[in-house]
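You will see two complexes here that share subunit A, one where it goes with subunit B and one where it goes with subunit C.
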Partner chain A sequence: MEKRRKERIDRGIMVRSDSIYALMSWRELAYLAAPRMLLIIGMLLLPLVPESWNWQGTVTLVCVYAMLAISFDFLAHYIGLVSLGGAFFVGVGGYLAGILNTTYGIPPLYTIPVAALGGGVICTLLLLPCLALRGVYFAIVTLMYPLLLVRLIEALDILGGTDGLLGIDGFSNPWVEQYLVIIMVLLFLFGIRRMVNMDIGLVFRGVKDNDQAVRASGINIFYYKGLAIFIASSLGCLAGACIIYIFMWAGISLFVLDYSILPIAATVIGGAGTLVGPVLGCLILIPISELLRDFGTLRIVFYSLILVGFIVFKSEGIMVWAQRKYHQIERWTKI
Partner chain B sequence: MDILIYGTINSVVLALYALGFALVYGISRLPNFAHGALYVLSGFITWSLLNILGLPYLPAIILTMIITAVIGALIYQFVLIRIRGMEISEIIASYAIGLAIIESLRYFGFRGMTYTLPAFVEGSIDIGDIPVDYHRLIIVGIGLVVVLLLWLFTHYTKIGLALRGMAQDERAALMLGIDSDMMAIVAMAFGSMLAALAAILLLPLGNIVVESGYNVLILAIAVCIVGGLGSWVGSIFAAFLIGFAQILTAVYLGSHYQMVVALLAIIITLIVKPSGLFGQQKELEERV
Partner chain C sequence: MLEATGLMVFYENMLALNNISIKCEKNQIVGVFGANSAGKSTLMYTLSGIMQDIRKKEKMAGGERITIHGDIFFNGKSITDTRPSRIARMGVILCPERRRIFKESTVLENLKIGGYLASRSQAKETMEYVFKIFPALKELKKRTGGFLSGGEQQMLAIGRALMAQPKILLLDEPLLGLSPLMQLTLVKATKEIRDDMGLTIIVTEQYARPVIPIVDYAFILENGAAVLEGTREELMNNPDVRAAYFGV
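Moving on to the complex of A and B:
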C-alpha cells in the first residue's frame, strides 16, 4: 500500500494579491476584499433580522462580548499575557460609568469614552505590579482581582453594596444602541489588526515570543506590556460601560464569571490569534447561550463543555481552518 | 485562647483544602482548577450514598473516596493528557471542567439548606473555657495523621518515591523507567481522593453549598501560592499563616474580610515573591 500525505499549496491568486499588484485586476481586489466586506456587511445587517426571541438584545450582547474577546485575544496571543479577568475590566468600566452617570448626571455619550480611558488607567495601575509575571502566575492574579473587588465591595458596603447603582440612563433608542456597539466592534477589530501589523505590533509579538531578546535590543518591555494592558483594559472597560447602559444597572454582578469565561471560549472556538476569530466565536456562542437561557445555569455547563472539546480536539479554531481553506489548495500526494 | 484554638482548627482545614491541589501540582505540574468542584461533588456523592442508597456511614465514605479518585483519573486520562505542558490550556480546560461540574450540580437541584452530612461524633468538650465540639478535634487529628501518612507514603513506598522522582526531574525519572503519564494519573487520583477526604471531614460542620466549590478552590490556590507552588512543607506552613490571619481578621475586623485576606495573600505573594515562601522555582521561569 502506497503512503500518501496531504500537501498544502498557496493558491495562485493569494500569492499574486499578496503585494501591491493586487490593484491590477478586479478579480484579485475582490479576492482580498470579499471576506472583509462579508464581515462588515454581515455585522451591519445583524440588527435588521426580524424580531424574534429578543434578537435585538442579543446583537448588542454579541458585540459587547466581542469587544471583550478581542481584548483577550490581543493580550493573550500578541503580548503573551493571558488574562482570566475579563470581568475585572467590565466591572471597573461599568462602575466608573455608573458613578459618573448617577452621581454627576453626565449623559452616556460622554461617560462611555471617559469610563473606557479612565478605567483603562485604573486597571493598568492595578495590574502594573504584576507585569513582571508570566504564564500561570499572571493568569491567577487576573483571576483573583475581580473576586477581590467583589468581596471588598460587599465587605465595605461601598458603591451601593450588594444592591448596586440604580437609576442609570439607557440609550435613547435600540437602533442607536445596536449600531453604536457594532461600529465600535468593527473599528476596534480593524484598528487592532492594523496595529499588530505595524512596528509596534512587531515589538509586541517579540515580547510574547522572547522577551529577553527584546530586552537585549534595548527596548523597555515593561513599557510595552503596560501599553498593551492599557489598550486591552480600555477595550474591556468600554464593553463594561456599554453593558451598564444596556441593563440600566451596575452592581457586583458585573464581576460575574461569564465575562471572563465566555470571551475565552469564543476565542478558542473562533481561532486564537486571528482577532476576527473571537468575533466569529461570539456570533456563534452568544445566540446559542441566549436560546438556552431557559435552562438557567445549564448553559454554563454547555459552553464549558464546548470549550473543553475545542481546546482538546480542535485547538486551532474555526477561523484558522477557514483561512487555510480560503488561501490554500489541499491535495493528496504520494510520498 | 480561642484565637489559638480556632486558628489551629482553621489552619488544618485550609491545609486539607490545599493538600490535594499541592500534590497534583507538585508532581505533574498540573494546576487542577477543578479541585473545588471535586470537593463539592464528593460531598454530594456521600450524601446520595447515605440518603438515597442508605449505606452506613463508613462504607459510604470509602466508596466516595474511590469514586472521586476514579473521576480524577478519568479527567486526566481523557482530557488533560492531551494538553500536557500547555499551562494556559491546562488551566482553562480544568477550570471549565470544574465549572461544568459545579453548575450542573446547581442545575440538578443540589442547593438549599437540606443537604447536610452528620457529624462523626456529636457533643463537645471544653478546652480551658472554650467549648470545642468533638468533630473539630477529629478534623485536627485526622488532618495531622493524613499529613504524616502522606509524608511516609512519599518517602517509603515505591509509588511515592516514583511520584517524588517525577516532581524533581521528569526526564531523569523517565530514564529510570517511571511512566510519566501513569504517575500523573496516580497523582490526579490521589489529589481527587484528598479533595473527597477534605469534603467528608469538613462538610458536616455546615451545609453542603454548591458555591463553596469556588471558595475552596481560591483558598487552596492561596495556600499553595503563599507556600510556594509545588512545595508541601511550604503549603502546610502557609495554611497556618493564612489560617491564623483569617481568624485574627474575623475577630478584629469582621468575618466579611476572611476571603479578602486569602485573595490579598495571593496577589501580594505573586507580586513580591512569585515562587512563594518555600518555592524552589528559578526566578527566571516565572518573571522577566
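Moving on to the complex of A and C:
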C-alpha cells in the first residue's frame, strides 16, 4: 500500500496578504476584501427579491435572529458563558421600547437605542449575581429569568398583562424596516469582530480559557465578564426592540423559548466562534423554518433532521469549513 | 511482546514521530527518554490506540489533521487499527501523563473504575496488592481524588492502571513534578510491580537518572526520531548520553 497523508498548506496569497504588502496588489486586496464584500452586498441585496416571493418578513426575522446569534456566539465562544438568555434579552428590550413608545410617545428612532442600552443595563444587573457561575449554571439562570418575568407579568397583570402592549408604532415603510435591521447586523458583526481582536478581546478569550490565570495577571475578571454581558445583552435587547416595531405589538410571547434556542442552532450550523457563521446559520435556518410551515406539524421533524444531519456530518460548521478551504490547500502527498 | 515498526505520526504538517521502531520483550522494563516535544507522549498515545481517538475528534473539529502510519504488534497480532477499548481489553494499559485521575471520585472509586475489566476476585486481589505497594493510599481510601497531593495522585494513577489487569503497562512521565524522595518511592514501586506481577513496563521520562537503575533496555528520542537505543550498560557508558540525560 502506498503511504499517503493529507498535507495542508497555507495559500501563498493568504500569507502575503497577512502584512502591509497586501496593499500593493489588486489581487491580494481582492483576496482580503472579496469575502467581506460578498457578505455585505449579499445582505444589502436581500430585500430586493420580487415581492411575490413573500420574502420581506423573513428578511427582518433573519436579521433579528442573526443579532441574537452573534450575541450568543460572542458570549459562549469568547467569554465562555453559555447563555440561554435570548428570550430574556428580547423580552426586556422589547417591553422597554414598548413602554417608552406607548406611554411617553417617543418615536422608534430614539426608543431603539435607549431600549438597547437600558435593557443592557437591566439584564446585566440581574445577571451580576451569577457571574461567578460557569457552564450549565449560568445557562440555567438565563433560562429561568424569562419564565420568571412571564409569570410575573401574568400574575400581577402589569404591562398589559396577557394582552400585551397595544398601539405600538410601526416603521414608516418596509424598506426602512429591512435596511435598518440589515445595517445593524452588519455594523455589530464587524464591530464585535474588531473588538475580539483588540486587547480587550484578548482578555475576554483569556477569561474563557483559564480565568484563574487571568486573575493572576492582576485583571479584574468580574468587570470584564460584566462588560461582556452588557455588550451581549444590549445586542439582544436591540433585537427585541426591533421585533416589537415589526409586529407592532409587545406581549409575553417575546419571552418565548425560540429566541433562545434558534440562535444556538444557527451558531452550530454556521460554525461556532466565527461570528460570521451564526449570521450565515440564520440565513439558512430561518428561511427553511418559514418554508417548512406548509408541512404543519411535520415541520419540526424536518427541521430537527436537518440539524442532526449538520451536527453529525459537518460538526465543524459551515464557516470553519469554508475558511479552511479558502485559506489552505489540502492535498494528498506521499510520505 | 509489544513491537512497533516504522511508526509515523503527523500533526498537520509537523512530523511528531519519525519512523520509530521499538520492541520490548516480556518482563522487561523499557525506558523511553527524550526532552519535551521529542514525541514521548505521542508514542504512548499511539501505542495505546488513544491517538486514533484524538484523530477522530480532530476530524470532527475540522478536517483530516492527524496521520498515523506504521504497524504495532502485540504478541504477534497487529493492533494498529484496533479500537483503544479493545487494546485495553487485550492488556495494553496506559497510565497517562499528568495522571488524569477522576478528581471528583474518591480513591476507592477511582480504583474500582479502573477495575472495570477485571473479574470480582481479580479486582479484590489487585486492590489489596495496590494497597500493599502503596500503603499511603490505604489511609486515604475515602479522600476525593482532587484533594490528593501530586505524589499520591500518581500512586493512584498507577494503581488504577494496575486494576485493569495489564499485561503491558505504559507509564507516561510518572515522575512529572515530584520530589526526589517521591520519585525514588515510585521507581522502587515500579520495579516491585514488575517483579511481583510479571508485567512488561514501558516508562517515559525526560530525565533518565532516577529511572535508569531499573530499566533493562532504553530508547532515546530526539525530535520524533529514535536516535539511540541499547541496554542500560550500553547507554550508561555512552558519554553523550551521560551528559545529556544523566547529568553526569
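Quick note on the criterion: the second predicted complex is superposed on the first by the 311 of 335 C-alpha atoms of A that agree within 3 Å, B and C clash if a C-alpha of one lies under 4 Å from a C-alpha of the other, contacts with A are read in each partner's own complex, and residues count from 1 in each chain.
One rule holds for everything that comes next: a residue touches a chain if its C-beta (ideal position, glycine included) is under 8 Å from a C-beta of that chain, and two chains touch if they have at least 3 such contacts.
Since this is a predicted model, take the numbers as computed values, not measurements.
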{"item": "Partner chain(s) touched by A:159 [first = subunit B, second = subunit C, both, neither]", "value": "neither"}
{"item": "Which of subunit B and subunit C A:335 touches, first, second, both or neither", "value": "second"}
{"item": "Dominant toucher of subunit A (residue count), subunit B or subunit C", "value": "B"}
{"item": "Which superposed partner A:130 touches (first subunit B, second subunit C, both, neither)", "value": "first"}
{"item": "Touching partner for A:315 - first (subunit B), second (subunit C), both, neither", "value": "both"}
{"item": "Contacts of A:7 with subunit B and subunit C, given as first, second, both or neither", "value": "second"}
{"item": "Which superposed partner A:186 touches (first subunit B, second subunit C, both, neither)", "value": "neither"}
{"item": "First, second, both or neither for A:305, with subunit B first and subunit C second", "value": "first"}
{"item": "Touching partner for A:82 - first (subunit B), second (subunit C), both, neither", "value": "first"}
{"item": "Subunit A positions touched by subunit B in one structure and by subunit C in the second", "value": "315"}
{"item": "Residues of subunit A touching subunit B in the complex", "value": "76, 82, 84, 129-130, 132-137, 139-141, 144-145, 147-148, 151-152, 154-155, 211-212, 215, 221-222, 257, 261, 264-265, 268, 295-298, 300-301, 304-305, 307-308, 311-313, 315"}
{"item": "Sites on subunit B touched by subunit A in the complex", "value": "31, 79, 82-83, 87-89, 91-93, 95-97, 99-100, 103-104, 106-107, 218, 221, 225, 254, 256-257, 259-260, 263-264, 266-267, 270-271, 274, 286-288"}
{"item": "Touch list for subunit C against partner subunit A, complex", "value": "8, 10, 12-13, 60-65, 67, 69"}
{"item": "Contact set on subunit A toward subunit C in their complex", "value": "3, 5-9, 315-316, 320-321, 324, 330, 335"}
